[in-house]
Amino acid sequence: MQTTDFKTVAEKYKVIFFDAFGVLKNSEGLLPGIEHTFNWLQETGKEFYVLTNDASRGPHELAESYYKQGFYAIQPERIISSGMLAREYLDLKVHNGTVAYLGTEKSAHYLETTGLKTLPISQVDLKDVADINALVLLDDEGFDWNTDLTKTVNLLRKRNIPVIVANTDTTYPVSKTRIAIAIGAVAKMIETIVGKQFIRFGKPDAQLFMFAYERLKDVNNISKRDILMVGDTLRTDILGGNKFGLDTVLVLTGNTQPQDAEVLIRSTGIIPTYICKSVIIR
Amino acid sequence: MQTTDFKTVAEKYKVIFFDAFGVLKNSEGLLPGIEHTFNWLQETGKEFYVLTNDASRGPHELAESYYKQGFYAIQPERIISSGMLAREYLDLKVHNGTVAYLGTEKSAHYLETTGLKTLPISQVDLKDVADINALVLLDDEGFDWNTDLTKTVNLLRKRNIPVIVANTDTTYPVSKTRIAIAIGAVAKMIETIVGKQFIRFGKPDAQLFMFAYERLKDVNNISKRDILMVGDTLRTDILGGNKFGLDTVLVLTGNTQPQDAEVLIRSTGIIPTYICKSVIIR
Amino acid sequence: MQTTDFKTVAEKYKVIFFDAFGVLKNSEGLLPGIEHTFNWLQETGKEFYVLTNDASRGPHELAESYYKQGFYAIQPERIISSGMLAREYLDLKVHNGTVAYLGTEKSAHYLETTGLKTLPISQVDLKDVADINALVLLDDEGFDWNTDLTKTVNLLRKRNIPVIVANTDTTYPVSKTRIAIAIGAVAKMIETIVGKQFIRFGKPDAQLFMFAYERLKDVNNISKRDILMVGDTLRTDILGGNKFGLDTVLVLTGNTQPQDAEVLIRSTGIIPTYICKSVIIR
Amino acid sequence: MQTTDFKTVAEKYKVIFFDAFGVLKNSEGLLPGIEHTFNWLQETGKEFYVLTNDASRGPHELAESYYKQGFYAIQPERIISSGMLAREYLDLKVHNGTVAYLGTEKSAHYLETTGLKTLPISQVDLKDVADINALVLLDDEGFDWNTDLTKTVNLLRKRNIPVIVANTDTTYPVSKTRIAIAIGAVAKMIETIVGKQFIRFGKPDAQLFMFAYERLKDVNNISKRDILMVGDTLRTDILGGNKFGLDTVLVLTGNTQPQDAEVLIRSTGIIPTYICKSVIIR
């Protein structure tokens, strides 16, 4: 398998879209040396956006998590999250009533600003659900899985309401060797049980890419040919980038192990334009 | 939709296979009058078996749950459960080591008699898993869903071992209007996450029917034409009975509501030989 | 089920997106009176686009098919087809070599203008495939199903190339009572056989809506709140419109029969903003 | 990966179940030296059965295909095919009328002996289908894929009848490097389109194993511990054998290439008891 130096690849593009987890950071924190990459982007005048399947917090909180580690390159307006799509959906399509949710209070807080009342599933009274007009699946934390997932199933048998899945990932790494079950997998289980069609936001879906692309069009004369998508996961970052018409880089610092990359590309048929060891520029 | 009286149907057969939940009992206990049906079976010399997707207890404990309600017609040897298939699998295919499980201690107790050591997932040490040679998903109770399901996923990333799902149901009723998520739905979620093929026991699979059929052959000269399968669920009882070559009765006292039966039969293409309101004989 | 008059609904919006088949026309031709609707749109200064899962021809040929029936309201620039997305993909992502295809010559002709050579699967020589850099599934006509689908499977075992499905529909009506199998269903079968991930264009995917939305932004100050999506199919038109953030109308002149609409909305959880009998204005 | 000599393995068992294609023969005919294996079985008094997902012919015709190659060890009564299960189903469950089928005349001929009239889909008149009481999918040959599959879909929209899939394989090899699409894949496509539940016969389903097992019980005192299942395909032969409680051998002369075996066993979680290069005894 031939890998290319990230700088050599990135030089050919005006804009870089980065996935966050597995590309800029991992379960142990920021990738060492990541600041050099962003310094170089600034020096060479390249635009960038971070596209993340994360609905656990709003863009300001997400940016703060970088600041706390002494990394100031990624401002809130550079972050496009699947949570923002969920929020736009509620803003456009749900005009009143209560939005029930699975996730932490923090994740719901970001949705609240749309003017709708939010209510954790744990506080839903199944005898009084007439006011609940949407359900959002935000995060795998903040609720009791057994009690609250069962309650969710029963809510959806009583109310025919839109269900928004704000993070399509099925797992995420919690250490070098262990993973946790993400809300996307839980959502799929409930969708199968109730037999309804949920609304999913997040890569590989085009809408997340479009959100970033539209921001670019306000300020620049940029075509899709000028944009490079960088990610560590074939089924989300690379498939989504390819489908949107972008050139893509698979990095080997996250979900895709160096020894598995070639087999996975062959077996899935998801083909990145380039493979780079990491985004670190030395 | 035309329904037939259960007695009129049952008179034509020598052996009746009954599903348990939704047919003999529901979330509120035994169906009132069920003893008349079993008295009639005894008087007319008909054989019967109870075929149940239940791995929460062994046949003796299942029979006891009927005794406790003053109903003595169903002895342990009349009960064929998916847990018995899981036990046979372990007996034939896993010769040593430890069997990890999701479920209550009671459910595991029944497996233990095979001579293997059993260990709840909660007590598994992920750093010391070399001795674990199988995983069995028994019941939706007896474990913490978040912690222990995540642990299960990580166990299956470390050990390539057979995974047995001893109950294929995805939900079960807990009251007239509410349902709970069963271990079959949880199993499907984990199977999708780890990408492996689990081994499922329970209706509609032929093996449960075969288990009952073999008992009959020891004592009688019975053909499949002499057996009637009675159930409340199209996708398990009726599909399984049909496929095994049996005539089938759909009863309307459980999963399938009278007002939905016709639409469901048409939309699924699963066609019972007869529809009866219930198995109660008056 | 409450239906609303289409004019009453449409008056509230500045732009209307129409599905074609089942909304403007059916297997017997244009819906009688459809010209009144488009006259009214013109008089009231409303913009419109036709969004169609059709890769059998380019927009000019699609517009001509309306002209031939004496209906001149829909010019080529008003038509957004899934074929246009396939063409954009090839233009951006496949830079040289040959594109193999399943479909008619006419459907491939539209792709050819991107500068790539196109070759029907029937003419592919499986011993000489090194030059084939993409495969596009365009239409269910123009090839022998047995021979050419088998050849397609073998091509994909030899070459790890992107596969584009330019029409996601699984069936289409050919008369009042009969349907035919569309290329989307065939694509799913081949995808399952080869175990690879194909790239799908067409409703409900956001990219088709985005294509239309971008055209609007060049000329107007339009927000998603000003746009109404009209379709006859819950899983494509309504799900896609809802997810994109648009208000939606389900019409009962195509895939969704009046007697089934309520049950389908309840069972799928796909909820249109309005239900109208048809788009015809009287 | 450690392989074991087949004779060393087989010596431990009283009965051997063989898959046919990829184990005894391949696209070029019988495996050279296969007669030595069957001579040894005879000398050592071992019973054997051939379990095959084949509904293209009855057991006599299948045995004849071995005779024609000068191999006389496999008599008709030694062959258990998925076609036999389809035939038993029709015999037990469909009492009158016509059985429509997809497949060759030869494949249907075997079903005909059940007393039902059979009719190829090509000859079905969609205006006169009241007499059609079942549909059987037998073989990928003998019909026009486009015309007759579309006709099949329309038949199933008009008649709510059981659909039997008599071969669950999705592909089969036609030469050393090429495969063809089998009726199992076509069945899955139609099942998805019409949204109904088909009845599938063939490995890995327990019913094929049970058919062979029952024959053994008539003549011997055999337990599942005495039986070895030999196959070339993890998802059918090995999964099915394991689930039925048998020890299993994966051979590398068919679907599973020597270089892929270990990866496939790890990724699918389907674990054979042994791996042998082939069943040939030297």
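A, B, C and D are the chain letters, set down in written order, and residue numbers restart from 1 in every chain.
Here is the rule we use: contacts are C-beta pairs under 8 Å (C-beta built on N, C-alpha and C of every residue); 3 or more make two chains touch, one makes a residue touch a chain.
Please read all numbers here as calculations on a predicted model, not as lab measurements.
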**Item:** Target subunit D, source subunit A, minimum contact steps
**Value:** 2
**Item:** Most remote chain, CA-based centroid, reference being subunit B
**Value:** C
**Request:** Would you mind working out whether subunit B and subunit D touch using mostly the same residue numbers, over half shared, or mostly different ones?
**Result:** same
**Prompt:** Roughly how far is subunit B from subunit D, going centre to centre by Cα mean, in whole Å?
**Reply:** 28
**Asked** How many angstrom lie between the CA centroids of subunit B and subunit C, rounded to a whole number?
**Response** 45
**Request:** Would you mind pulling out the distance in Å between where the CA atoms of subunit C average out and where those of subunit D do?
**Result:** 40
**Prompt:** Got a list of which chains touch which?
**Reply:** A-B, A-C, B-D, C-D
**Request:** Give every residue of subunit B touching subunit A within the complex, in rising order.
**Result:** 126, 140, 144-146, 149-150, 153-154, 157, 170-171, 178-181, 185-186, 188-189, 192-193
**Asked** Any idea which subunit A residues touch subunit C in the complex?
**Response** 88-89, 92-93, 156, 160-163, 194-199, 205-207, 210, 224-225, 235, 239, 242-247, 265-271
